[in-house]
Amino acid sequence: MAGSNAQRAADTPVLEVSRYSLSYATPSGPIHALKNIDLRVAHGQTHGLVGESGSGKSSLAWAILRYLPENAIENDGRLLLSGESLRDRTLPQILEIRGRRISMVFQDPSTSLNPAMRLGEQLSEVLIRHRGLTVQEALEESEAALARTGIAKPRDMLRRYPHEASGGEKQRVVIATAFACNPELIVFDEPTTALDIITAQQILELFNQLQDETSISALYISHDLGLVSRVADVVSVINSGEIVESGPSAEVFRTPGNDYTKALLGAVPNPKQWLGVTEPPSEAPALMSAEGITVEYGRQSLLGQLLAPKPTHLGAQEVSIEVRKGELVGLVGESGSGKSTMGKVLSGLQDFDGNVRFGDRNFARLAEIDRTYRRAVQIVFQHPDASLNPRQRVREILSRPLKLYDIVPREQRAERIAELLEQVRLPQEFANRLPHQLSGGEKQRVAIARAFAAEPELVICDEITASLDVSVQASVAELLVSLQRQTGTACLFITHDLNLVRQLAHRICVMQHGKLMDAFHRDDAEGPDRNPYTRALLKAVPPPASQAA
Amino acid sequence: MPKAFRTAAGMTGLGLLLLVMGAATLGPLLAPYDPQAFHPAARLQGPSAAHWLGTDQFGRDLLSRLLNGAPSTVFFGLGATLLGVGAGSMIGVIAGTAGGWIDSVIMRILDGLLAVPELLFTLLIVTFLGGGMGQAMLAVAIAFTPGMARIARSSVLSIRTREYVLAAVARGERSPYIVLREVLPNAVGPIIVEATIRVAFAIMIGATLGFLGLGAQPPSTEWGLMVAEARQFMFRNAWTVAVPGVAIAMAAMGFNLFGDALRDSLDPRRSS
Amino acid sequence: DDPKMGGTLKISHSTRIATLNVLSLSGPAEYPVIDMAYSGLTRIGPDSQPMPDLAASWEGSPDATEFTFHLREGVTFHDGTPATASDVVATYEAILNPDIPASAASVLNMIDTVEAIDDLTVKFSLKTPFADFPTSTAHANARIMSEEALAGDHALLDTVVNGTGPFKMESYDSARITRLVRNDDYFIEGKPHLDAVEMHLFPDLAAETTNFLSGDIDVMLLVQQADYERISSAPGINALRVPSGRYVNVVMRFDQEPFDDLRVREALAYAIDRQLLVDLVLEGLGRPAHDNILSPEFKFRIDTPEKSYDPERAKALLAEAGHPDGLKLDLVASNRPAIRAQVAIAIKQMALPAGFDINVETMPHDTYLANVWRKGGFYMAYWGMQPTEDATFNLLLTSNASYEDTGWMNAEFDALVQAGRSTTIESERADAYTKAQELMLAELPYIIAFYEDVLTASKEHVQGYTLNPINRYFYLENVWLDE
Amino acid sequence: MTLGYLVRRLLAVVLVLFVVTFAVFAITMILPGNAAVMILGEYGTEEAVAAMERRLGLDRPWYIQYLDWIGGILRGDLGQSLRLSLPVSDVVGDAFWNSASLAVTALASVTVIAIPLGVLAAIKRGTVADLVIGIFSYIGASMPEFVTATLLLIFLAGPALGLFPAGGFVSPGESLGGFSSHVVLPAATLGLILTAHISRQVRSEMSEVLSSDYIRAARLKGLRERRVIRRHALPNSLAPAVAVISLDIGYLLGGIIVVEEIFAWPGLGRLLIYALENRDLPVIQAITLVLATVYALSNLLSDIVIAILDPRVRYA
């Protein structure tokens, strides 16, 4: 269907941006967020806007909606909606346009919906505002609009509060709101990023379906090339505020003309491209095996039970996972499926029932986990900002494991720290820095270095790339693999990114609702005996951009 | 200087604080007269060249008394807060790090103490301790303890689940290292901010106790007491009341503004 | 002008009326209430002499050991029951009962027996001669209560008032207003003039003053020195300044160092500028005293030599007593009322040049009562004026005084006081009291720097309002409103 | 919010109160001086004090006194005031209603003034209005009640203006006008510091809400600013404001002690000071109980209000 609407483009584009520049005044000088942007969205067309974090995508959206912060400075470039200049409008006029002629869908439905208002009111208020309906009419209309988004019991949903709906349901409400007044243009700013893969896939399908039905033009913003390739007719690639390449999406993806676009495409994980340790030691003996691990959250003291009993909750149920020497095992699953719970159990942070066997020793609960085990199993966390003590310098952070386990004599510590920094490809001077003086990727490298400093046998990586940019993601993943190759350390790699894990892992375990659903060798990923849930997951993953096109 | 202090409010706070702390440390040396000396010929006068801020009932120089009373007033606030914050943080940190039943028991007791309004609590304690500056200070400290403990505990709890602390636990670090090096240095922020604002509050409570006759006692030059002693002359010479009254407000305001600026500088989300 | 009848008199006061139990009450605002509601056998008049009250007349035996009182006829309590001799007997028996806390007990403890001769005659036999007995029966806490009330639950005495005074209790709210209304059956024909009296409580002095000046309060019971000038100069207000024998005294224990040495006590006496003290602390509303516990209002008061402020002499005396480098002392004062600490602080400053380095320690009144009063060695006390010489001496200074707090214990002094009370011959009494005062001034058990005037104020339309220097008798039955 | 939750909360309140009374009782017993000494003052000879102690029942061992007192409480009898010779329930009951009239007036006017002020400051962030409100709230938050009260007395009740009575109380039942003129200054004194605090909190909550994604979303729906503020922002910033107000009630209950003393308001605060000075234990106990109960209940009430304002909050 992509491209089918492109032919029907009317003469006047719905949106025309020309020579538009925007900068933000800051105490340390202006930040040029948008430079001479030229962009046209034709009638009924979906225009994708792709770029890294900070490239200026949202800035353009705000500019179109005339919702700029006070420190924004614009040049005299043009922003035209169906030929009418948006920049000449007074605020009351803009208020008439917003929601009626242009509407917007945001990244995170849980923050863009008012927690204290029923979903029905939030949907119907645009209808009341812009179409002058009565409350009753607006509610009926809302119900119909919600039904179109595929919600089973729309009347019921209208009466709920945001916290009573799932992320997917909330995003459907937001989308229904955006389509409610039949606007000329809808701006989507990463509408699926905050959702889990399967839901994201459904939302994407919904978008395509509604787009077909209404032929409303859309500006679709995303950092995910694969995703944009599935919805956009035309795509523009933006880098540091400049549009570096623009054209029909099929062309751009197949034959990227610009280096930046190429780099962007290259950084997208491709499951077919094996990055892992070349010799998967599949015959190696089990290093660690977790057997029947169950974690019950919310257990209370006797006093607590008396005063304020709360229900308990199973974070993991009878999960068994095995990691062999030198192996990289991927652990995937949607949000809340219990991946981190397993990571915490195995790194000795969470009490459990069941048995963890490590080498020839058994551990049946948290209290039995001792320092020998802790030294041998290290963990790296998701958030680079939170995983380093903000008050310790990199040197101190890296020297801790060396000191604690007496890995090298005191005199050689400085030298070893330099080595570690080199291994994670950071300059030696970084030893003197404080965490806030590092970028996210650099912080994550320090965290990895700290884990490897203890010379562990197993490293648990809990979503270590999730909060990094695509390009940085790839280099961190690559770094991990190269360290693994050098040291022979085994790794449990927790992630929700199936494409990524298929590039790295020898074996993959899939979790859902605290249970282990599936475990398979990477080669069997598309095999016939896969669990249905695994299949759904794999299907939901956007195929890498180059293939989609 | 952190950005939050470069605002008008931050600068005012810093200025007031410097003024008040200066008075508290150097005040007695700067006083132009003996604060207790009588000048019978010049009693209950307004500001004059000889007595910049006027004189009281005994013809004592108000400026000298103000400067002389600065240490007892300000250090009362600091001392009471320090004691209360110290004890409270200790309890809070113990509860927060120990967890389990120790935490439950401590929290239940704290809940109990927090059920009594703070000034009432202070009054009860100070009456039973027998009044006086030291007693009042202890009472304020005791009254502050439960609130501070709660703040310290929640601060510790929020730090305790940070990933770098988890990393230290997973690495096999021993508890003292985790508490002293990983948790505490990062948990003190909110505690210090709260403490600064509480100094203002302690100064106000201390002055109130002095005013009620339960805190500082004559011939102390504590500011609340000065207000109390001067009240009977307030219609004859409003200066006798206004001078110490405004001084108390300024001291409290200094700590309030400073505390807020400190909070803003620690919390970028709040800085405007 | 002829007194006009009717109207409500509003009196403001700043201390609570906590109880109406005649036997034990002691608050400054409680006295006017019982003075209105109750009568004693006798009452102290504005001239400080005993005057008839419930007793129309009385006579004593020449040796002053037997006194007979003749009650008025036809007097009834507010509830209508007749007031007779048996009520008087019951009241005095209650006062003397050791199980009942009674403030008048220490003044009346010389009573041996009290008996009703008939319905209207009561006879007292005393253990020891006592010439001032009719003054003692005027004690403010010795008002006559009904036998029935005394036989009942004593807890009721706190709130239920049934007296024979000119006003009846109408409502009693200890936190706000106490209201009394005219007793139409009062035993003095034509009195009281007022329909009602209201006592309004203002715990904050500033609030009280402002309300008196700008509100509808008619009488401000007690005026602070600081406000006196402002109040007296306000239009439409009569401020009343009654010279009184009320004093603040410095207690120096004879049995503790360094005040066991007379020279040290004298040194301190010379180190105080008494006129300045009056000016600074009392705003001039008092008279310098030169350590005589008896003020000029007392009949047998002697001319007292003046002690001028003489730090040099004080210093010399200190040196003589073995303190050539001066003395460091802790002087304790309770914080209520503030005058105690003020005098202490003034003394500290004045005595500096004489070599006294006095550290004033002020403490809350409860702590003071529990820990210092009658225990400490050097502290500030504060007493109201007593009705007689004998009462004054026996309150504090004789060896078996009720509140003996100096450890002076002088047998000669005791004998002189005893001699003064046991005769009714004026010249003998004058002689005994003169010698007693001379002895006291020589031995210097207390430093008494000034006598404090009693200050009160009323609006101009209030007529006939006066009070007694003892500040326990208010004669409100004479007051009328000229509106 | 379930019934079970409410019952548990109330039980916890009772438990807390029990601990509080026990502590108060125990401490009074350790220290020198008692009601008998205080009643008799300097006229208390040893015999008189002993007699008074017998009369008041203070000669019994402390635990007997406590058990006796607790027994009374369980029967609904708060005992007899030692100093005022009236049933505690009468004394404290009257004072309670008087205090309540002051506290409610103060709190109501504070709420009415502070919330709009805070909202205004947040909307007009960075403008003169915001600055003025900010200055006002810092000054307000830094003045102890006794200073505010004294200054108000000098300037508004003093001889120069004499706008309001300098103290005293008229019950609203007697004369509403009289009550109003008397309540102005004490309520203003109490109100100043609370207004300062609450408006500051509302401002910061409101600012935070105004910068939230859902407000942005609401604005981008083209809604008028009035609706954005009233329907979207206000309810969300009110819930935290209610939490602050309920905490401030604790402060109010403390402040009332000083204010009542200065303005001669015959409420619990003044009664408390009087009872403390006189070691009138049953009254102290009763007032502590009443104030702690009011505080606990107001916290509970605020939790209920918050649960109504914020549908996310659920107590079980």
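Just so it is clear, A, B, C and D label the chains in written order, and each chain counts residues from 1 on its own.
Going forward, contacts are C-beta pairs under 8 Å (C-beta built on N, C-alpha and C of every residue); 3 or more make two chains touch, one makes a residue touch a chain.
Here the structure is a predicted model, which means the values were calculated and not measured.
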| item | value |
| --- | --- |
| Between A-B and A-D, the pair joined by more C-beta contacts | A-D |
| Whole-Å separation of chain centres (CA-atom averages), subunit A against subunit B | 47 |
| Whole-Å gap between the CA centroids of subunit A and subunit C | 87 |
| Averaged-CA centre spacing for the pair subunit C and subunit B, given as whole angstrom | 44 |
| Residues of subunit C whose C-beta touches two or more other chains | 206, 209, 230, 364, 366-367 |
| Subunit B, residues touching no fewer than two other chains | 127, 130, 231, 234-235 |
| In subunit A, residues with contacts to at least two other chains | none |
| Interchain contacts (touch definition) - all pairs | A-B, A-D, B-C, B-D, C-D |
| In the complex, subunit D residues that touch subunit B | 12-13, 15-17, 19-20, 24, 27-28, 30-32, 125-126, 134, 138-139, 141-147, 150-151, 153-154, 158-159, 204, 207-208, 250-251, 253-255, 257-258, 261, 272-273, 276, 284, 288, 291-292, 295-296 |
| Touch list for subunit B against partner subunit C, complex | 36-38, 40, 43, 57-59, 127, 130-132, 213-214, 217-219, 229, 231-236 |
| Subunit D to subunit A touching residues, read off their complex | 5, 8, 12, 212-224, 227, 231-232, 235-236, 239, 309-312, 316 |
| Of subunit D, residues touching subunit C in the complex | 32-33, 37-45, 47-49, 51-52, 54-55, 80, 83-86, 91, 94-95, 98, 150, 153, 157-159, 162, 165-169, 261-264, 266, 270-271, 274, 277-279 |
| Subunit B-touching residues of subunit C, taken from the complex the two chains share | 205-206, 209, 224, 226-227, 230, 276, 279-280, 333, 335-336, 338, 341-342, 344-346, 348-349, 360-364, 366-367 |
